[in-house]
Amino acid sequence: MSEPVLELSGISKRFGAVQALSEVDLRVHPGEVVALLGDNGAGKSTLVKVIAGVNPADTGEIRWEGRPVGIGKPSDAQNLGIATIYQDLALCDNLDIVANLFIGNERTTAGILDELEMERRAQELLDSLSVRIPSLRVPVASLSGGQRQIIAIARSLLGDPKVVMLDEPTAALGVAQTAQVLDLIERLRDKGLGVILISHNMADVRAVADRAAVLRLGRNAGDFHVEDTSYEEIVAAITGAADNPVARRAGRVAVSGSEEA
Amino acid sequence: MAQQTPVANTAEGTRDPRLVVDTASPSGLLSGAVRRIRGGELGSLPVILGLIVIGVVFQSLNANFLTPQNLSNLAVQMVAVGLMSSGVIMVLLLGEIDLSVGSVAGVSGVVLAVCAVRYGLPEIVAIIAAVLTGLVIGTLHGTVFAKVGVPAFVVTLAGLIGWQGAQIYLLGSNGTINIGYDGAIAYLTQTYFVPVVGWAIGIAAVGLYFGSTFLGERRRIAAGLPAKSTAEVVVRTVLLAIPVFGAIAVFNQYKGVPLAFLIFVGFVVAFDLMLRKTRYGRMVFAVGGSAEAARRAGINVDLIRISVFALASALSAVGGILMVSRGFAVSQSSGGGDELMMAIAAAVIGGTSLFGGRGNAYSALLGGLVLYAIASGLFLLQMDSSVRFMITAAVLLIAVVLDSLSRRSRKTHARG
Amino acid sequence: TTTGGEAAEGGDASVEEGFDIGLLLPESKTARYEKFDRPYFEEAVAELCEKCEVSYQNADQDTSKQQSQAEAMLTEGIDVMVLDAVDAEAAASVVQQAKSQGVPVVAYDRLAQGGVDYYVSFDNQTVGRTQGTALIEALEAEGTAGEGEIVMINGSPTDPNAADFKAGAHEVLDGQVEIGAEYDTADWSPDKAQQQMEQAITSIGADDITGVYSANDGMAAGIIAALKSAGVEDLPPVTGQDAELAGIQRIISGDQYMTVYKAIRPEAEVAAAMAVAAATGEEYEGGGEHMLTEVEDADGNTVPAVLLEPVAVTEDNVEDTVISDGFYSIEEICTDAYADTELCEQADGGDEDEDK
Amino acid sequence: MSEPVLELSGISKRFGAVQALSEVDLRVHPGEVVALLGDNGAGKSTLVKVIAGVNPADTGEIRWEGRPVGIGKPSDAQNLGIATIYQDLALCDNLDIVANLFIGNERTTAGILDELEMERRAQELLDSLSVRIPSLRVPVASLSGGQRQIIAIARSLLGDPKVVMLDEPTAALGVAQTAQVLDLIERLRDKGLGVILISHNMADVRAVADRAAVLRLGRNAGDFHVEDTSYEEIVAAITGAADNPVARRAGRVAVSGSEEA
Amino acid sequence: MAQQTPVANTAEGTRDPRLVVDTASPSGLLSGAVRRIRGGELGSLPVILGLIVIGVVFQSLNANFLTPQNLSNLAVQMVAVGLMSSGVIMVLLLGEIDLSVGSVAGVSGVVLAVCAVRYGLPEIVAIIAAVLTGLVIGTLHGTVFAKVGVPAFVVTLAGLIGWQGAQIYLLGSNGTINIGYDGAIAYLTQTYFVPVVGWAIGIAAVGLYFGSTFLGERRRIAAGLPAKSTAEVVVRTVLLAIPVFGAIAVFNQYKGVPLAFLIFVGFVVAFDLMLRKTRYGRMVFAVGGSAEAARRAGINVDLIRISVFALASALSAVGGILMVSRGFAVSQSSGGGDELMMAIAAAVIGGTSLFGGRGNAYSALLGGLVLYAIASGLFLLQMDSSVRFMITAAVLLIAVVLDSLSRRSRKTHARG
């Protein structure tokens, strides 16, 4: 297999009294979709923020295309070519949709913002994600949860990243938009990008991910090839026990959409 | 038993069917405006209404209130604080506060006078030195705030006290320095343009507005984006032309358009363009809306913060220069009066939020007009200062109540 | 607790061993206090008592700050306090506290209540009367008495001295002239004074304003700026107070009519003598031209006092007052901008003569 | 069937230029789980907020247990017995977990907050939802997305409601927590409560909902008995067309967890 | 090819294994404290360190600084502004601001003096009237803010101006009213307790603290909840006892514990308990943290807001009463000086956020001590005002830099 585009080893991160990550390893190859799985509070978002430079790690090494790099602030990650969609969406509520899409990345002509160009590009992007937004000029504060999510996703596509990290991108999305985002992830993979996908939706994970890395209580708790692994195995790794609420519920409830895969 | 309503098969374009659109006809424009007013999206309208109320009330109490002379005085009176207020607005947009504007104006004024009078430097050099003083002070404030993390309130409170000390110290024992009645500094507030120049400036401004708006909307239409109709552009131009030409006509009946006021308006317009049309302005709004989101988007938040504080203090310095120019003198108390309160109040009355991310450059102009119009009217009526204070408070409240009531109807918190 | 009234028994300090004198001044935004009062007082004390130390505090126009400063001084262990009160009436508490620690108090410039031991001052009401009288004289000289209206710009509504100046001036002006507009000026702000004057011009009309009563020089600057900005060529007489350098400069250039010069050196000297006497348990009996009289404070206490005459300074007597007293030197006054005034040209000529 | 506990008719709501709801009807019976479905921005959360008194309707009628009621502010709804879990979680970031759970509902003894009792109750509740939180005394600002969600859910269970509205409750939850919440919804139904569940996860909806009401662009767009209706039919109602991204994706992708039901 | 790490089978209790726990041993306590300091969770520690630095520096410059007399004076000097600051803290916790504290203190002081002196009412009646004045004013402010929606900044700015007008108006032409040296009002700041009473109060306070904490932790242990160890309770009690007994010892070397200071500390403690231990306090924090979340939780947000403004103004009135008591007089300028700035600055320096939802009642005490200690020290050093201003600014900055640096290391924005 090719060299990993991104490789983390021994990443630890502590918040006050909470050791959120302990000696976590992870690697992503070009053209690979890695699902990062784990229970609530397992440390997934924390790991994403370490990579994105939002909350740099206390210790540990990050290698980018083989060479060690330091990621101390978000622009470091962006300059390497890492695009991130955060779980807490990181939009500016006071700005409108177009402005939010282009924050820190505005198009200008002769020093003046090229609103026309930005609005046109925004319209294209959102159309391609099949989302309906009454007007591109309302502050994002007034958008629905899913609309906000789509804005965040659209934003990451504006640059020309090599690795895209999506932290629960479809959590708030409708069925149509979810399908679009899954298509999108596949397109990104096919273009040779590395993708890190965090999701609690096993169906989505199984649909698009090549590999699944599991975190539990801030530590690595397994690394699976998705195709070879059963749903129950993954859930057991996430919850840390074969006897877990999911299994118990599956035992109780006869038929269920996503659990028989 | 699926009780299903038929799936509508309308050809839905890019327009969302839920969006209520105003037609391009004049009546459509009007009904759109009425709807926006009802919905609380009033913009500067309430403040303008407040100004009209103030004008009518005072004029009915004293016939001198709306004389060209008084209005012309008013326009120059508000300039110094108005400029400080412009700086305050920048800082408020960041969601921070600057308590040092008055002291910075004072110390810069002293630097100006000391350079020009005590050391006899050319007045233009003195002016540059004063502005630089502001710039350096602001950079200092911004750095301590952004890099060390001391709350802006504390940094600028220290500035408020410390720069006042510096001002008294620099003035030395003599207390007041007269700058003389001639010379570049004094002329800043003593110069009035002959009528034709005033009209030329007004026509150029309105024409520029119309031209750029019209072409902008044309380009939008060409790009297939929703755009304002030509009718709307014309109406907006007329709505701009009325106050502009009105003011020029009034000024021309006295001494002409005052240079000082033009400087102030020029700064306001420039700041408005900077805030709305440049990357820098966009970044200021972004940091004010959510510093964390801005940081994640790769914006150098510290740099924005430092630059905004630097700009704010530089503007205070310009305000200080005009303050000195108007009074022909600088003293130990210059800038130490109610300048700070007035500057912040003007910003807030004009519609800039204290909580960051919401506001506009015109607040300084509108809010400053409200405050100085009240003061001017009350001075004309010559009341005991105790009564004057109470009435000022009452008028201040009344002037913003309309705005507040309209804002209440527009709930901004509801989301998701 | 003791109440004010009886003089403190007096100190037992001695000039030979030296002692501490506390000097409390009210504010720093008027030039006089730190430029004149403090150094003159220190000089005078050094003259009378070589080993004495002067502690100094300035209250920045804040009553409770002054109280804290007095407390700090009493903590230091001063032997006598010279108090120029921010608020003479409210200063009773400071006087009270000093006396309860056996420290005598000399009221300086403003008659602090609470039973002080001595008082030296220019009477504030007299200052107002002097200003008023000078204004009327000027109107008469210009032949505009009885015509037009005058504008009164008083001091801060929260400064009790301002009320005294205002009362003194009204005593003289009322009935003699028509007062077209009158304002109290927050913070003694020159900027506010300017705005008020502009409004007065708007409502009265520049031509009908025959004179302006300004309570001090700082505000006079703003008032004159307003008149100049309104295009008034022939300025009406404007009064002032404090003999600020900038005020004197306006006077010699003819922009301001007069200022009230309070000869601070004798005031400081008398205060120093009173302080030394009080601290050493002796009785101050006046000296030279300084007659000891008695005044009564608001509580009915009789206080031995020296009351100095404020002097009205106009273009005519600048040389005989502020210059001859050494208050300002010719060089200080005659900066480039004022080089072509009569006074400066004369002085310049004189200098040249000497050079030759 | 019994009388509906909650019945809405002709509800309309407008925000500025956007007509978010037009003449919407909805009813919920005791012991019934109604899924409220719709695309992003369809107006689901707006409807929930109308019922909860957060953003009262412009026009329309609300009937509670048969009689018309006015719901003008959140406490009106609470007094009727409506508990709401909002999509935008409505937590106070500055308060700790226990305080957030009991906001507006604090336990006191002799006027003093009974922290002991509240903490014990909080611990119980969270344990029953099988969520792991390092400490109950940290400000909720520091919690992970799923942890915050669980807090919001737990809060609604503190009262003794008759109708519970959950706006995308499992969106941020891990597999185990999702199973717990589904169990919880079933328990609520079995206790005779009316439940309104908003979710984009069809598997969850099919697992627990009795009926599904679909909104599209702010209007009613169908009312289905879940057992009798196919996945495709519901998706078609949501997206407004049989030819939608979900169908297209299903056609392209061979195998998929949740889409073959 | 599943490359799986074995699922650990540890018996995980209710404790999260990631939670770093401090052992109950003294060394565990210490290392926990060190860890918290490193992590930036310093609480009031930086301010206390700042105070110590101020004490050492000024004492080394002037041996009188730490004398019982000076410290005793300091304690009484800060009381009036400290009380105003307590009110400001309540408002800041809501995320709002109150600019009227000084004017409200002034007008209440005038009401007090007018009642007691001009109308000769019993002093206790005058005191009640003054507090009621504050209460009514605050209710008015709160109502205009909460119900009409005028920003608190504007409402209280109008209050700042208007109530000062009322103060001057009420005082009339006399300017200043002396209240005399005897009588209830004067005694408020003139009364000092004999040593034994001081000690008794101190012992009672520390004992109460120990008893309630100890029993509280016992109950937690009994309920199976994580609790502080007895060792920690003892250490905390000792840490409280040191300043309390130290202060009492110092006071007793001069005139004894000052009643005024006791009143202030009493208010602070009462407010602390109210904020932390009652539903009302919890609701104030909730509204300050997120008004929308509080509203959705069914809290009557308007009522909370109105009551907080009422309380704040009532506290300002109490501050005004003590201000009058200390000066034996009230004048037109009472409360119009730097009281407002000092009150807000004390709150902020003490660690209360300007942005709502974060802060504590002790800020008023600690912040007030910092500000008044700086002032007192600089008075002792006798400098020109200009130099004093500059040094005040510098010391102010230094006093908060430590706090700011520690806060910086604790990122609060990172979530999710």
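Labels for the chains are A, B, C, D and E, by order of writing; each one numbers its residues from 1.
One rule holds in what follows: a contact is a pair of C-beta atoms (placed from the backbone, for glycine too) under 8 Å apart; a residue touches a chain by one contact, two chains touch by 3 or more.
Fair warning: this is a prediction, and the values are worked out from it, not measured in the lab.
Visitor: What rotation angle takes the CA atoms of subunit B onto those of subunit E? Round to the nearest 5 degrees.
Guide: Roughly 180 degrees of rotation.
Visitor: Highest contact-pair count belongs to which two chains?
Guide: Maximum number of inter-chain contact pairs occurs for A-D.
Visitor: For subunit A versus subunit B, what separation do you get between their C-alpha means, in angstrom?
Guide: 42
Visitor: When the C-alpha atoms of subunit B and subunit E are each averaged to a single point, how far apart are the two points in Å?
Guide: Centre-to-centre distance between subunit B and subunit E: 36 Å.
Visitor: Would you kindly tell me how far, in whole Å, the mean C-alpha position of subunit D lies from that of subunit A?
Guide: About 25 Å, centre to centre.
Visitor: I'd like to verify one number: the distance from the centre of subunit A to the centre of subunit E, where each centre is the average of its C-alpha atoms, in whole angstrom.
Guide: Result: the chain centres lie 45 Å from each other.
Visitor: Got the subunit A residues that touch at least 2 other chains?
Guide: Answer for subunit A, listing residues that touch two or more other chains: 15-18, 45, 54, 86-88, 132-135, 142-145, 217.
Visitor: Two-or-more-chain contact residues of subunit C, please, as numbers and ranges.
Guide: Those would be 28, 34, 157.
Visitor: Out of subunit E, which residues touch more than one other chain, so two or more?
Guide: 16, 18-19, 168, 292, 384-386, 388, 414-416
Visitor: Give every residue of subunit E touching subunit B within the complex, in rising order.
Guide: Interface residues on the subunit E side: 97, 99, 144, 148-151, 153-155, 157-169, 291-292, 341, 344-345, 348-349, 354-355, 384-394, 396-397, 400-401, 404-405, 407-408, 413.
Visitor: What does subunit A use to touch subunit D in their complex?
Guide: 15-18, 38-42, 44-45, 87-88, 130-135, 138, 142-147, 149-150, 168, 171-180, 182-183, 200-204, 206-207, 217, 235, 238-239, 244-246, 248-249, 253, 256-259, 261
Visitor: Which residues of subunit C touch subunit E in the complex?
Guide: That would be residues 1, 3, 28, 34, 55-58, 60-65, 67-69, 71-72, 74-77, 86-87, 89-90, 92-93, 96, 113, 157-160, 163 of subunit C.
Visitor: For the complex, which residues does subunit B have touching subunit C?
Guide: Spelled out, the residues of subunit B in touch with subunit C are 62, 64, 67, 69-70, 73, 76-77, 117-118, 120, 168, 173-178, 180-181, 189-190, 255, 323, 326-329, 331-334, 336-338, 375-376, 379-380, 382, 384-386.
Visitor: Help me check something: in the complex, which residues belonging to subunit D touch subunit E?
Guide: 52, 54, 73-75, 78, 84, 86, 90-95, 99, 103-106, 108, 111-113, 116, 119-120, 123, 127, 132-135, 141-145, 148
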